[in-house]
Amino acid sequence: MAIPQTNFNPPFNITRASHLVLTAQDLAASRDFYTEVIGLVVSDEDANTIYLRGVEERGHHSLTLKRTTAAPTCECIGMHVFSEEDLDKAKFHFDRSGVPAKFVDVPFQVRTLRFSDAMGTPVELCAIMETRPRLHVEIHTHKGARALRMDHYQVLVPDVLAAAKFYMDLGFRISDYLVVANHTIGTFLYRKNNPWDLVLLHRAGPQFHHCGYVVESLYDLIRGLDTAGNIGFGENVEHGPGRHGLSHSYYTYLRDPDGHRTELLLPAIQVIDRYDEPVAYSIDPTSTGNRWGFPPPRSWFEEASEFVGVPLRRPPAEGDPLTLEKYLASKSWRRAPDAMRKSA
Amino acid sequence: MAIPQTNFNPPFNITRASHLVLTAQDLAASRDFYTEVIGLVVSDEDANTIYLRGVEERGHHSLTLKRTTAAPTCECIGMHVFSEEDLDKAKFHFDRSGVPAKFVDVPFQVRTLRFSDAMGTPVELCAIMETRPRLHVEIHTHKGARALRMDHYQVLVPDVLAAAKFYMDLGFRISDYLVVANHTIGTFLYRKNNPWDLVLLHRAGPQFHHCGYVVESLYDLIRGLDTAGNIGFGENVEHGPGRHGLSHSYYTYLRDPDGHRTELLLPAIQVIDRYDEPVAYSIDPTSTGNRWGFPPPRSWFEEASEFVGVPLRRPPAEGDPLTLEKYLASKSWRRAPDAMRKSA
Amino acid sequence: MAIPQTNFNPPFNITRASHLVLTAQDLAASRDFYTEVIGLVVSDEDANTIYLRGVEERGHHSLTLKRTTAAPTCECIGMHVFSEEDLDKAKFHFDRSGVPAKFVDVPFQVRTLRFSDAMGTPVELCAIMETRPRLHVEIHTHKGARALRMDHYQVLVPDVLAAAKFYMDLGFRISDYLVVANHTIGTFLYRKNNPWDLVLLHRAGPQFHHCGYVVESLYDLIRGLDTAGNIGFGENVEHGPGRHGLSHSYYTYLRDPDGHRTELLLPAIQVIDRYDEPVAYSIDPTSTGNRWGFPPPRSWFEEASEFVGVPLRRPPAEGDPLTLEKYLASKSWRRAPDAMRKSA
Amino acid sequence: MAIPQTNFNPPFNITRASHLVLTAQDLAASRDFYTEVIGLVVSDEDANTIYLRGVEERGHHSLTLKRTTAAPTCECIGMHVFSEEDLDKAKFHFDRSGVPAKFVDVPFQVRTLRFSDAMGTPVELCAIMETRPRLHVEIHTHKGARALRMDHYQVLVPDVLAAAKFYMDLGFRISDYLVVANHTIGTFLYRKNNPWDLVLLHRAGPQFHHCGYVVESLYDLIRGLDTAGNIGFGENVEHGPGRHGLSHSYYTYLRDPDGHRTELLLPAIQVIDRYDEPVAYSIDPTSTGNRWGFPPPRSWFEEASEFVGVPLRRPPAEGDPLTLEKYLASKSWRRAPDAMRKSA
């Protein structure tokens, strides 16, 4: 089945994945996790809400944490459009297309349009936030992994191609996509100039799987992990460090105190040009999916954050990924099979 | 039970862990592994033997690979004494002490004394090897992790304290040791100025568990892993990267094509002073043993290389370490227990 | 004097700085420099021309070297437009605006439009090049600094604001600009999502000052320098490593065998949003201009590559920058003046 | 002229360069410099004295700063002997040899023997200090370059060979030495297992030129420099980053607020073996002395800290080193001479 085509004249101009709203049961614990380990800085906070940004970010927040007594969820993912005018174009477009969309008030954002995408994922658009100083050169004040900026979201959806088509109609391009037995089970969609703003993966959904923050170097990533170990979050490292397959970069996934997942990644490649055509990767179900490093544990495949009030839909078949648990059960370390090795 | 005391006036002067002899069924595969991934350089080779050294090493070899058609084993671990005279003192000492010891001929080494330690481990002593140029600044010729130098061995033994006493009588000091329920299950012994020349761990033995090569930086370690992934050894990464507990450093363990295990580690701390007293670490059997990173998989605990012709002896009790398999089966990622977290 | 305004509805869509043509007297020496030290890969070559690209680049070339027996020059700088249609729009726009522009044949590029900007700088536009595989994960094949991709050019011009206006009419934005005594002496212009595609600096011009290639890490940058030192280019390092002021990144400048200058830099910050307003920096003529590291030597200010056949125009006043030579002559290392130090 | 021979049965056992006493006019400024930029931690302090150690060090102090109103000087360099008994052996040896030596009281050190070496340099020996916890894994508390441990001193002396002989009689070995026109102008002496505990360089002396602290990685070194830039010490960077010639490592030299010089360096190679014979390097007076990076500025050659109350003696000839100032005056960047370049 063919992947959808990008609409290169989209009805309005989404520029990038930009901000995220999560709920948390213990704000103090989450504050420690995100400021000390991930290295975000607090732009504003009150008793029930914390607004955080990466050390490089000029926008007021890329992560908002809201206190909850209920099960922790994802309230919405957020994207930037280029101008306030784009918000009006978006409202017009969604109204005409039958997509639920309405303006809402969000602190520190000028105007905010909330809509639900083809899978029901709540998404927030805004053009202008309050700004704060970029702090990336204030290195002596940085903590943990000193995360630079929000990069992308991964969302689990029951129909990857339908979800992708929704965004490709809005101008998103595909850098690469995952195929199992002729079935597209994942797409890497982008608006800004790297391969990821929105990763869609085939599972029951919509669910928020993780957000990705860019760090400057492996040493920063490791400093985040050392800090995690030192202050009591050592066991929150769920997966990694390792190197993704598909020519992607290094990764580490951590779970926050409420189980929400964050990926730390290195700066990505640049994809801008018209000749950056989508690359298809056939997934070998017996492969770890990595260049090196264990496959993800079962939790990585099975656990995700629900979106507030959005019903879960299961796909016809969920697949049977190679979990770390299965991998270890079948692994033999002696005499790597010849087929595995090629000459250097 | 008290740990043994170091003899600060040892009968002869062992200076460091220095070289290792392993057998391999497929020399070409092992050559690729050690030169392309670990980054060793070949000092000499013929149809049946390869002599390798780290890029910083002046001594002719720190790893000798010998072709075998039998099961792969460790022929011996090797240590340097300071002078040829120390070899004679060692022979005299061993003869007087009833330790089996004899001079043997080893290519590229002037004189070599082979003995069996208290556990039966075959150990080789030499003072003078042929030398080759140090190549550590020839960075443009380096490959993989560009391993600098052999650092230490880990040997599994059925009686840690008896084995440690043998070496402490020869002048080895203890940097730290592991205690479970009042029982010493591991000792970190050193002669040179860092915490490890010989690590003894409680298991059936004697068995060769791994050797450790020092790499210069995390980027070198990762380049080794990237190379492993690129040339077909990606699944030879058994454990890591992670950070040891006990104030130790970063690690990654790889299995070579015959299953022999190599650790890549960063430069260690310096331990020289008289006031560097042994540090005891109580092992919590429910802990990963790491500052961060998964505990080792079962294979890490259960698989090791036998020494040629040395019978295995089992300890009264083998212990029940926390393997990755057990850890994953019991792990819950949501809501880290309060006890796990302390304030930053 | 106010800086010009960006035209957010430009007549055609330039996407990024993309490729450069330099002439060289000794192609073999230049090939060594760019492949072994900078780490570019050769996409194609013949007796008189070498086409090089960064290890991450999919486009066929970002640097073309042409053999010359005359003085080495810069033939043109090149930019990508998004689509072939943009080339036609560009031709139409330039013709209407009286800007000299014509289609030329360039190997490995589909269609190429050459024009002269407001200062006379020859610039090449193309949308589609032949593609080659991205090689960024083939780390075991990389050399030197393993440069990832072309990032930007710095061009010296006698009238910074007039030159900037030309590009801002074409959609370029300003990330920051340099002011001395109310006079704008430098502008950092961008189309893609980081602060630099085209840096204009006040001097006699137009002259090509340097191109910048992005490297992945400080370790890569240093490996480039180590390689330079090892193979005979150690004295080609003209300036750095150091850290720019203005919240910019780390730098090192090297001179190629013909004196052309390349900067190696780390990945930049992301600038995308409407609220990323231009930042003005007042230059203190007694400051090094750096966060740390010596100011550039006189050669950095005074030497640049002329554009083929383009006459040089001098500005009314050239300024009197703080060179390394002047800095050293006046520097005292004892007792840093109190004014220099602020509390941590 | 032949270099002296090491006495491998020295009269007592010096183990390493260990601690240093400097005087400072503004303790608060120096405290900022050493804690925020170099990353040392304060073990103890009062109104007139600060005791600092590297984050890895167990000994109480490796750098003592004492308030002065006079010109800043070096009070002494310090070394560790292995045991208290070695202090008595040292006293006996020095008395018999006519070397001025007496026991003095030094806070936090059990017994301290102060002597003057062949050049008059005041040197302090001690075996046991109070201990403090090693903090190297407490990475989230580290600052600046997070210096690990004191490594070595460089002392300027008017007679390098006589000074070296004094120390080689005490068991110091030479890793390498510098020769100009058959004259030995520098020696790298060591007791611990790397090439440097005491570097002697030919100039008027004795003068304290610098101490060297080891940092873990280039990223730590750069974080130190970034911090220097951020808190007002950016212009205290005198030389580097660069890479030494002679197969030595990366370096950066900083001047503290009183002009005392500290080198930050990466972990060195290991030199232990009997076959680690001294390496002679012939210095080409037209060479930068570096693998890459500018030669040191004149201040690096001409400025050093005097030892309290020790008269300066000038050598017959001081030499004419290639300073950065001279290098820049003669440097041409265009067309590197063929002789400079060899094939990769």
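In this document, chain identifiers A, B, C and D correspond to the written order of the chains, with residue numbering beginning at 1 in each.
To be clear about the criterion, contacts are C-beta pairs under 8 Å (C-beta built on N, C-alpha and C of every residue); 3 or more make two chains touch, one makes a residue touch a chain.
This structure is a prediction, so every number in the text was calculated from the model and none was measured.
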Task: Chain of greatest Cα-centre distance to chain A - done: D
Open item on the list: For the interfaces B-C and C-D, which has the higher count of C-beta pairs in contact?
Closed with: C-D
- [ ] Would you kindly tell me how far, in whole Å, the mean C-alpha position of chain C lies from that of chain B?
- [x] 49
Open item on the list: Measuring centre to centre with CA averages, how many angstrom lie between chain B and chain D?
Closed with: 33
Open item on the list: From the mean C-alpha coordinate of chain C to that of chain D, what's the distance rounded to whole Å?
Closed with: 40
- [ ] Can you tell me which residues of chain A touch two or more of the remaining chains?
- [x] 36, 137, 140, 217-219, 226-227, 230-231, 243, 291, 344
Task: Sites on chain C touched by chain B in the complex - done: 36, 137-140, 143-144, 217, 219-220, 223, 226-227, 230-231
TODO: Could you please specify the touching residues of chain A with respect to chain B in the complex?
DONE: 25, 29, 32, 36, 218-219, 222, 225-238, 241, 243, 250, 255, 257-259, 288, 290-294, 297-299, 303, 324-325, 328-329, 331, 333-336, 340-344
Task: Contact set on chain D toward chain B in their complex - done: 8, 15-16, 56, 58-59, 80, 82-83, 127-129, 131, 134, 136-137, 140, 148-149, 192-193, 216-218, 243, 247, 266-267, 269-270, 272-276, 291, 344
